[in-house]
Amino acid sequence: MKVLITAFEPFRGDAQNSSQLVLESLPERVGEVEVVKCVLPVAFAHASEEAIAAIERVRPQAVVCLGQASTRACVNLERIAVNMAHANNPDNAGAKPCRQPVVAGGPDGIFCKLPVDDLAQAVRAAGYPCAVSNTAGLYVCNTLYYSLLHRYADVLPVLFVHLPYAHQQAAAKPAATPSMAVASMSDAIAALLAAISAAER
Amino acid sequence: MKVLITAFEPFRGDAQNSSQLVLESLPERVGEVEVVKCVLPVAFAHASEEAIAAIERVRPQAVVCLGQASTRACVNLERIAVNMAHANNPDNAGAKPCRQPVVAGGPDGIFCKLPVDDLAQAVRAAGYPCAVSNTAGLYVCNTLYYSLLHRYADVLPVLFVHLPYAHQQAAAKPAATPSMAVASMSDAIAALLAAISAAER
Amino acid sequence: MKVLITAFEPFRGDAQNSSQLVLESLPERVGEVEVVKCVLPVAFAHASEEAIAAIERVRPQAVVCLGQASTRACVNLERIAVNMAHANNPDNAGAKPCRQPVVAGGPDGIFCKLPVDDLAQAVRAAGYPCAVSNTAGLYVCNTLYYSLLHRYADVLPVLFVHLPYAHQQAAAKPAATPSMAVASMSDAIAALLAAISAAER
Amino acid sequence: MKVLITAFEPFRGDAQNSSQLVLESLPERVGEVEVVKCVLPVAFAHASEEAIAAIERVRPQAVVCLGQASTRACVNLERIAVNMAHANNPDNAGAKPCRQPVVAGGPDGIFCKLPVDDLAQAVRAAGYPCAVSNTAGLYVCNTLYYSLLHRYADVLPVLFVHLPYAHQQAAAKPAATPSMAVASMSDAIAALLAAISAAER
């Protein structure tokens, strides 16, 4: 099984993005899963088109998109993407959409086709804190997720995963900022890939 | 330099205590610091007497006490202990003191003699989230801290450190529960020991 | 303009439900808005059918559903309902659905047709903390919201509002539990009704 | 019984201070307690000297100092003040002390002499969320509290109370910011005064 895993570059003044740190620390192979990596720009207009280009090139059997969410305390599997793009601050390309549809005429929301609750349980059983989230927000993460869920519908399973800050990032943030170790998040994603592989078999 | 490091056993229904997990993962030597380990009972009446027995036996140049605090998101160095022992739930020996003095006639509060703000900065500089806390609570942690600060005053530096849950513990807690990797907390304590060693030199 | 406002009865061991307290303290008329009140059971199988019966009877020009959300700190206008019913604890009728569709064959998500961001801004401008939320959860609140948004689509505007605990409820909860005054929440809902009335005119 | 109640002026860019709003909404008399009001500057060098001047002038039987704490969700009665003044941002007079003693040679901490746990229980029994806090921080609030507890020791009971933001302030803050209604905080302080009056009788 071949899985494309995407992450995002740093944004909004941060020097690092926990999703990129985790992507880089993932091995090339997890059990029988071949991991293909791709870093995306934090840009409403370009993230999904670069992801789609990678999918067309790589032809994976599943896609796992990683993104950083500064207030989450554990690995968050996103249940749904919504057809709205909004930014309170410009993305890395300077765009600042105001509640625009991601796909004109698309449905309001699209569920992930993978069994996210079972996958989260598998990650927890492996010893890593993990939960299902019911909102991926309205920023670039959600736009990427919605675009891929809309385009690939039932032909390719896509899952978006929000990650907390890495410990080294939280070292420069307020004391109440939750974080996880990159190695632990990487192991959690490996456990997730094994569970996806088992679920898709 | 020889440092005694204490941790606590599990309590209140938890199968593990993050302080004990971190203690066990610490090496026997950190730079020029010799580490001597001691696990204490979560008991108002016994924790400090066992710690004092260990101190008399080991004759360390500093004492670092570790404890678990379920709501903290990073390594917390405690600035002060207060002369009050209180429990909302019984300790592991069944005791449930109600706002009693830790030491009859002792001062209301006793500051840590180590430069906690500089130590926290050193741990952050090493890449681990760390802050100074102004309250160690009123439970066994504070009673231990107060007892040692009161007894050893200026003759032996003592520091209490509150640690978040370990990731594997948070895997069984609500999604918003913050946690840290045991390996990262252990490395953070190693960085702390190096900084204490430098400060005491 | 006639608006039906629903609230929920107490559930899960609480003696009160903040939504019901707020409903009871609302006046019968807010500016040119006639307020018709209805208390619903916290039951997946009955909440929406009772709401629909009230709508058919009252023939309102808009529906505002109030519900209590224990972790919210301000008035939350819900942007979207999703086609999933799930409970970790039984509802007041003993039902405990496990990720079932609310409406078989319905779309995954349905946006509120009202301009929720403008409405939230109007409530804040009136001096009450208010935000738009992107998830109404998976419990009875979301099931009610989804059922009404699905049934009434473009013919009747429906908005779900999550409220924090009332101060008197938080008096018996942990110290970090956020809450609002019933009188303030009631005034916030009045400001919301005025804004809905202006938006629908 | 005559009680001096102090509050603080706005600081750090805020247009209002919840403690001042609550002070202004308090009646001149609560049961048999005569309330005398005094607004203090947010200044390490001046807050306590102005409070002391008011105490010498008013000759109260108790002093209750109110202050705003942006992260608290309920009325917080402070158990202890510590002998350290520190600011991460300048106070209203431009001072930014760095871990200086409040009173040179003073004890590290001084407990409030009032039965804070019983008082908090009385406020909760009146229907307002209230808890005892074990740290008043290191900013001007703590400096004022320490100065008064140190100076008046056993001759005059002094209590510091931290209040959340008022709802109207939270309307301009992030959605997770807790707040309380000014009227409710004022009623909570009235319940506190009644309980102090009963305790001192």
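When the chains are written out, they are named A, B, C and D in that same order, and each has its own residue count from 1.
The working rule: contacts are C-beta pairs under 8 Å (C-beta built on N, C-alpha and C of every residue); 3 or more make two chains touch, one makes a residue touch a chain.
Keep in mind the model is a prediction, meaning the values are calculated, not measured.
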Identified repeat of the C-D interface (over half of residue pairs identical), from A-C, A-B or B-D: A-B
Distance from subunit D to subunit B - Cα centre to Cα centre, in angstrom: 31
Distance between chain centroids, defined by C-alpha means - subunit A, subunit B (Å): 36
Computed distance of Cα centres, subunit D from subunit A, in Å: 45
Touching two or more other chains - residue numbers and ranges from subunit A: none
Arrangement of touching chains [line / ring / star / complete / other]: ring
Complex contact set, residues of subunit B against subunit D: 79-80, 82-84, 99, 107-111, 117, 133-135, 137-138
Partner subunit B, residues of subunit A touching it in the complex: 73-74, 76, 123-125, 127-131, 133, 167-168, 170-173, 175-181, 183-184
